[in-house]
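Take a look at the structures below.
Shared between the two complexes below is chain A, which has chain B as its partner in the first and chain C in the second.
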Partner chain A sequence: MNSLIYTKKSIAVFLLPALAIYCAIVIVPIFITAYFGLFEYNGMGSMDFIGLDNYKKLFLDDEVFRNGILNSLKLAGASLFIQLPIALVLAMILAKGVRFEKFYRTIYFIPVVISSMVIGQLWLRILNGDYGLLNAILNSLGLEKYAMVWLGDERTAFAGTVVPVVWQYVGYHMLIMYAGIKSIPTDIYEAAKIDGANNIQTAFRITIPLLMPVLKVCVTFALVGSLRAFDFVYIMTGGGPFHASDVPSTIMYTNLFRKGAYGYGSAQAFFIILECLLLSLIIQSLFKKSEDAASAI
Partner chain B sequence: MANLSLRHIKKVYPGNVTAVKDFNMEVEDKEFIVLVGPSGCGKTTTLRMIAGLEDISDGELYIGERFVNDVAPKDRDIAMVFQNYALYPHMTVYENMAFGLKLKKVPKAEIDSKVKHAAKMLEIEHLLDRKPKALSGGQRQRVALGRAIVREPKVFLMDEPLSNLDAKLRVQMRTVISKLHKQLETTFVYVTHDQTEAMTMGTRIVIMKDGDIQQVDTPQRAYDNPANLFVAGFIGSPQMNFLKGTVVLEGQRVCLKLQDGTMVGISDEKAAALKERGYISKEVYMGIRPEHLHDADIEPLSSGYSVFKGQIELAELMGAEIYLYFDLCGKQITARVDSKAAKKSGDAVELHFHWDKVHVFDAETEKAIY
Partner chain C sequence: MKQLIKKAVCFVLTGAMIFSLTACAKPNTPAAAEQAPAAAEEKITLNVWHQWSNDTNDLRKIYTQAVEKYMAEHSNVVIKTDTLDTEAYKTKINTAFASNSADVDVFYYWGGGKARKLVESGKLLALDDYVKDGTMDKILPGSTTAFTYNGKVYSLPMFSWNMVLYCNKEIFETNSVKIPETYDELLDACKKLSAKGVLPLVVGAKDGWNAAFVYEALALREVGAEKINGYLSGSAKFDDPGYAEAARKLQELTAAGAFGKSTLATSHDEADAAFLAGKAAMRLMGSWFAGAVYTNKDSKVQDKVVAAKIPMSAGNGSATEFKGGFIESFWVNGNTAHKEESAAFCKYINEVMGKAAAENSMGFAGWKGDIDTSKLNPLTLAIADQVKTQTGSVLAWDTSLDEAATVTHLEAVQALFGNKLTPEKFVEAHQ
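Let's look at the complex of A and B:
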């Protein structure tokens, strides 16, 4: 017993430096951010305490931020209902053992390793109103009337930034799901085959239920990634036109580093952190039951 | 009717690896066939071809009168019990057993009655609401059997279903499966590498090696009359003792000259058979089971016997009997004698054996001469 306590103490001591560093660079800055959110502050001059005014402003007065939240939720929706299902279907097809499996797996994963800047530039060229590939295709198909300045139009600018996000991370989620499917014992599939399950029934009644722990990770990554999305919007539209494609992170960036509204920007940053934490907890509890059921694999 | 006909079945994997060479046999309705052999002999591949989980490279497979080479597993009217149970971990025991019937769109009431009937048969009624991870190995195997039973298949296929269980549970489940076979009156094809399972459960056993059938026979006949050296060595524990020698004529008497020059007299009847088949001056293997070597001190044979003499290297007391290990012609010989013998390492031993218990195999073809 003594040696056990001694071991536990030793483990705790060894973990302490990492915990201290983690707190210093993650936990403490979160509280500092929340603290700055209580002030009217431009980052250099005096700090005027204004209580929760910045937080109230976020929800009551700032229509741009509210629109940003809505956009981030749309992006989360696209990730959940477009990106993840595509990734799941691809993972199931690849895991079934198609020809050139490794080749396809690599191809789908390539966008993940390319910098967002490069992908943003690539899609800027595809969606360019004058010489973009999309308009060129529409023109060649005789659909000129649908050609437009995709990223310059309030109606399509945000959608234009969603597409690359979905596209880039399909391979990422596919790989996680693929590894998950491969870890399901093959004899379970064989038993299902003998029981008479076809491919669709096998997918919905065997693969997906057993993949729940992996799907939970993917859903968490996709949702949190969407809520704090920044790079593609910043690169492709900068949040415009007229804030049509703004998301909370780009608005926060503008406030913090462009407008000098350090206090208000901090409040926005703290809100994004809280939103991500809250959603992660909700996902955890939503998946708990199904995850427990599949834990035997 | 659920007879099974395997006609020159062959399985070749990519890379020209032949797993099953020419499997040819007829399984009668309600038979309990056990495929037995060492790892890599092709027994599981054969079972999986019957199940439809592996394509048949060549040959014809019939279940009943139906040619099923290209029929999907679900349409073959078979059920399979897997080595690792293959239960669906996210489903309860009830759901596991009902899954196949639900997919067949069997009415709920019928599913319920079938599942409960099978559960009663296997004494797992109290486990129906549990998930597989809350069950012991033996209980999981019963559920796997239950899942097979509710399908009411023509043929039950079992792939080493007891290999993950501990020794005690294995004995218990062996009885459960044998009883089940009697109750269900269906054809069973059972794969195992455990010769005890093969001997105790099968109505006929198929002994396989390197993708080839070595012998198809009842367990008793395979034990008493092994077709070749491999079967003789594989069936029986401790395994049969083998000694290589040359059949020679000493005057008018036919003897077996062992490799160290020892001459062993052969009984008249056996000698005549060897002479008749032209084995004089030819090499043969002599095989004798450990229980057919009798300790001269406590159970000497009275007439028509031969003798082995040696010094015991190791004596293993097994309770009712004792295994004596000694060296003869550079080979380790095992004798299974009554524990009354009270022999110990270093003791000299004289063992008697009758020639009607001796098996002789052609040294070249390794086939049994008698």
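Let's look at the complex of A and C:
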């Protein structure tokens, strides 16, 4: 008994430094951010306490931020319903063992390795209104009337930034799923085959249910990644034209670093953190049941 | 015994962790500043920051030479320089001055609305006591406007810029269009060039400041420098009818196809490149762009560019008013341990860099005295010639207004470009 308590103590002591560092660089800054959100503060000079006014403004008056949240939800939707299904299909095909499996795996993963700055520039060239590849293709097909300044038009600017995001991370999710599928024991498939299951049936009855823990990770990454998306929007449109492609983090950036509104920017930052945490919790609980089922096997 | 060793190891490890954590907690010990005075000959280290981080930058070369010369002349002073790229540099200054800012003595910054925040929080050293030695007689009158707050001078001018309408005369000639001197001629030229499939005036409106150049140029002619400067300094309202008229003219130009259809998706870099590649007839830019016309390796317009003034209109502006002025310079941290030495270096570096920049076609010096014009390119000489007649000038608004007002202004101008705002709503946004 004594030795058990002793071990617990030493475990606690050894965990303490890690916990302390974690608190110091993750937990404490979150609360400091929330605290700064209560002030009107320009980064230097006096901090005026204004209570919850920043948060009130955030939820009630800020049309731009609301549109930003809407955009981030659209992006989350695109990740969830376009990116992940593509990744899953690719992963299943690759894991089944096609020719040049390694080659394709590398090809699909290449965009993940390239810096988003480079990919952003690449897509800027593709979507350019004057010499862009997309417009050139449309023109050569005789579809001139559909050619437009994709990133300069309010209707298409945000979609223009969503496409590269979806495209870049397909390979990333594919690789996680591919690894997950590879770790499913092959005897289950053999049993299914003996029972006469076809490919579609094995996919829906064996692969996907057993892949649930991995899918949960992918869904969490995709959704949280969408909510805090920043790089492509910043590089490709800067949030414009007229905030049409702004997402919460670019708006926060503008407030913090261009308008010098540190208090209000902090309130927005805190909201983004909360939003991400809340969503991860929801995903956790949604997947709980199917995950339990998967681990039971 | 074993347990004892375990305990000892555990104790040492946690101790080490706690120590390293507390050591991290106070990073701002002013190490460099306090070492010096102990030395026998009292060497003083001045920490200087600027934003020319690229080795190929000409201003950086000039700066480095100037500092070497200064250290040779002042054996008791050691200059330690630190640089960062523009955006990162701004953030560095903000964070440094949000805390006690003990790491820097002299630093590069922008006057007008940018430095106002620093001045109002008492972060900068006023130089009035240090420039009584005749320094003020050496600088051009009116060149300290952007460095003066509440009657006190906080910095001295380095070099100025001026806005110019760069015109590719070859395009004008082949399309038999006249280089515009008035707004009506500009509108006419844009209509004609646009009809022939030539991009008339390339603007990188994706970058707010570049879009704002066009509006501010029009406003200068409609409203006049005095009233605009009043508005920018907060002493006059944004109520002159000329402001709305300038907005209307901007939209008239947009409708005439003056900026092409993709201007809102074009960055200022891309716009520069388009003009240098000979794809656009005009570019409204600062005098610093003159160098690129000759030295940029992709420039196809070396001998084809002429510098025109901002076209005139029937408004209140006068032809001798220009857009531009002195805005960049070196400042002294109010919290420095070496006020005297920092102020002396600040005076020195602003003067030397101002003159050197002027001799290398990068601007116009704010200091009296002979400037060697032999190395200047023809465009810069032409611009210098125009500026001689100057009676008044307005800085870029985004450097004069405070940060929040700047963002509002830039976004409103971009909205004008996209026909999202009527001139009336545009004026309202500024009030």
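One rule holds in what follows: the second predicted complex is superposed on the first by the 295 of 297 C-alpha atoms of A that agree within 3 Å, B and C clash if a C-alpha of one lies under 4 Å from a C-alpha of the other, contacts with A are read in each partner's own complex, and residues count from 1 in each chain.
Note that in this section contacts are C-beta pairs under 8 Å (C-beta built on N, C-alpha and C of every residue); 3 or more make two chains touch, one makes a residue touch a chain.
On a predicted model such as this, the values are computed, not experimentally measured, just so you know.
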| item | value |
| --- | --- |
| When chain B and chain C are modelled together on chain A, clash or fit | fit |
| Touched partner set for A:Ile206, first chain B, second chain C, both or neither | first |
| Inter-chain angle, chain B to chain C through the CA centre of chain A, in degrees rounded to a multiple of 10 | 150 |
| Partner chain in contact with A:Leu16 - chain B first, chain C second, else both or neither | second |
| Touching partner for A:Thr156 - first (chain B), second (chain C), both, neither | neither |
| Which of chain B and chain C A:Ala293 touches, first, second, both or neither | first |
| Partner touching more residues of chain A, whether chain B or chain C | C |
| Touching partner for A:Thr220 - first (chain B), second (chain C), both, neither | neither |
| Which superposed partner A:Asp187 touches (first chain B, second chain C, both, neither) | first |
| Lowest inter-chain C-alpha distance for chain C and chain B in the superposed arrangement, angstrom | 40 |
| Doubly contacted residues of chain A, that is, touched by chain B and again by chain C | none |
| Residue ranges of chain A in contact with chain C within the complex | 10, 13-14, 16-17, 20-21, 24, 42-45, 128-130, 149-152, 154, 157, 237-238, 240-242, 254, 257-261 |
| In the complex with chain A, residue positions of chain C that touch it | 6, 10, 13-14, 17-18, 21, 90-91, 94, 97-98, 117-118, 120-121, 123, 206-207, 260-266, 402-404, 406-407, 411, 414-415, 418, 420 |
| Complex interface listing, chain B residues touching chain A | 51-53, 72-74, 78-80, 82-84, 86-90, 99-100, 103-104, 131-133, 147, 151 |
| Contact footprint of chain B on chain A as seen in their complex | 185, 187-188, 190-197, 201, 205-206, 209-210, 212, 290, 293-297 |
